[in-house]
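Structure in structure tokens, see below.
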Amino acid sequence: MAQRLDEFNEFRERMNERILAEDHATIKRFFGVDTLTYRDGALDAKTKELLGLCASMVLRCDDCISYHILQGHKLGVTRAEFFDVFSVALTVGGSIVIPHLRRAVAFLDEVETNSNS
Amino acid sequence: MAQRLDEFNEFRERMNERILAEDHATIKRFFGVDTLTYRDGALDAKTKELLGLCASMVLRCDDCISYHILQGHKLGVTRAEFFDVFSVALTVGGSIVIPHLRRAVAFLDEVETNSNS
Amino acid sequence: MAQRLDEFNEFRERMNERILAEDHATIKRFFGVDTLTYRDGALDAKTKELLGLCASMVLRCDDCISYHILQGHKLGVTRAEFFDVFSVALTVGGSIVIPHLRRAVAFLDEVETNSNS
Amino acid sequence: MAQRLDEFNEFRERMNERILAEDHATIKRFFGVDTLTYRDGALDAKTKELLGLCASMVLRCDDCISYHILQGHKLGVTRAEFFDVFSVALTVGGSIVIPHLRRAVAFLDEVETNSNS
Amino acid sequence: MAQRLDEFNEFRERMNERILAEDHATIKRFFGVDTLTYRDGALDAKTKELLGLCASMVLRCDDCISYHILQGHKLGVTRAEFFDVFSVALTVGGSIVIPHLRRAVAFLDEVETNSNS
Amino acid sequence: MAQRLDEFNEFRERMNERILAEDHATIKRFFGVDTLTYRDGALDAKTKELLGLCASMVLRCDDCISYHILQGHKLGVTRAEFFDVFSVALTVGGSIVIPHLRRAVAFLDEVETNSNS
């Protein structure tokens, strides 16, 4: 797996463990709600990941964008579908989204390259 | 049609006309891009409306939320599907979204009541 | 009780019931986390309400501001303490906070007048 | 003067007085900085009002937008210049700005009508 | 002192000097207001730092979060108290806060390790 | 040309090409609108760059800030004028803008040093 992907996942998992090790009731339950949010429901998990991705783009959080790209890719979201999500986020959120779009496409390129190798 | 829906649509259409009457090239082209964004593509129009709704909720714009609820409802989005979008927006955007969620549900109730009468 | 306070509380409670009546697992659990957040812990409930108020002001949500003013007032927060919270929110969030500060002070005036009558 | 303009100015002035009457050092000094910001400098007052207007639009604060339109209008900003500011805010901030743009144009119409009568 | 802390403080101080060296009246006075904000008042300095930290988390500014963790730590804020602030910020601001929470805990770990060595 | 400037421009151009290579109608047209926005109009290109800079600062996007500093510098914006824009953004957006102000001044220093060498 590529370096940036590795670093991203390693830091994410290590710090999630540090956070949960504190055993703070509210924070632990929030993490539980977060996991529950993306399960199949009236909308399937794939659509929910796209919603999470779009929300992350307009709120401009690179780590959240990367995470939802990874999850979406695992669930079979195509490059064309990702760009449709990007286009909605760009229109709603404006040109301030563009730097995050650049990093999103760089990350998507890396995820696709990695899954083909 | 109910009063709030009427007022919402009337003000929206009247002011869109005022804005476009100014004939400002950038603004007119932006409105064109906005319309284009929600057309069927790799993702269908219904999914795109849900993306627009989720983005509008985390950015907390009541008028945008109302608009995407109206459009989604026309495209057959069910109440259960709307609540799935609401749940993603709530988790991503936090409790600050709740007052907008209350107004979104009040608006959805009105849209559903109106379409049944 | 004054009219604005009544309206605020009535709409809030009625719509919370509508939302929870949908019985959506994620949303219900989020509401549970929200309640849990402001319980006494390492910091007491009063301090947590002030944190919630400050966060609501920089995120500029009038309903959230009103709610935390009400809760803080019940827990004995003084006017001088509220203004200290307002001052932190104003410095961190900038002049864009001022219109919300105006409405916050108008609401606080109403809460104080009401509790004295 | 038109009703909405009157109400806007009356509430703004009354609450500013209430806020400053509290005599909170930080808040009073912040209000002083706010006034100082828009004085002639390397950029003239008119350009600074346009900057404040553009910032207010992308941060989506209707009251701030109204205030800077009023100040800009007093300093001779033309309708065409206002629409140029609106176009930058729309592109940078995205379609989420549109409902605020509608209200901005409605307010500008009112300000222009009032100054011609 | 650890490397990240050193770098953070060095850049912060060097650039604050560059900014103030410009001798811009508004900016200098804003920096004065910023300092004044966190002095003991109706609320003590420690509580005000926690308010500043919570506001910085929901606005998602890593540097501001680090700064208020440093200041809070100097004033005796405990790890359990920091996690209570984190929990309020997480609930109010949503899962979009989580990447900043990870970096906040990594920074807090570093501050605590450093103060014990 | 200095390293940071080079890296900034190289990544920006490379990823813009990757994005446009996807040939997504909405995204391509959005990029066209973005370019159109900053052309001379009722306000000249220089003023529009300052508006874009101010909007980018209050929305706290470092890459957007850097880009508008570069464009403004090419159009003859002076250091004193840049600091006037910074001061408006600081007042409107609050102390949360300060870390971005530090990086903006560091970038401006680099741009000025480079253009003098």
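Annotations
Letters A, B, C, D, E and F mark the chains in the order given here, with residues in each chain numbered from 1 onward.
Here, a contact is a pair of C-beta atoms (placed from the backbone, for glycine too) under 8 Å apart; a residue touches a chain by one contact, two chains touch by 3 or more.
None of the values given here were measured: they were computed from a predicted structure.
Superposition on CA atoms relates chain C and chain E by a rotation of 180 degrees, given as a multiple of 5.
Measuring from the averaged C-alpha position of chain C to that of chain D gives a distance of 27 Å.
The geometric centre of chain D is 24 Å away from that of chain F, both derived from CA atoms.
A straight line joining the Cα centres of chain C and chain F is 37 Å long.
The set of chain B residues touching two or more other chains comprises 26, 30, 33-34, 37, 55-56, 58-59, 64, 83-84, 87, 90-93, 95-96. Contacts between chains leave no pair untouched here, as each chain touches all the others. The touching residues of chain C, counted against chain F in their complex, run 58, 90-97. Residues of chain E touching chain D in their complex: 25-26, 29-30, 32-33, 36-37.
Interface of chain A with chain B (complex): residues 33-34, 37-38, 41-43, 47-48, 50-52, 54-59, 64, 78, 80-81, 83-85, 87-89, 91-93. The touching residues of chain A, counted against chain F in their complex, run 60, 79, 83-84, 86-87, 90-91, 95-96, 98-99, 101-103, 105-106, 109.
Across the complex, chain C meets chain B through its residues 11-12, 15-16, 18-19, 22, 24, 26-27, 30, 34, 37, 55-56, 59, 61-64.
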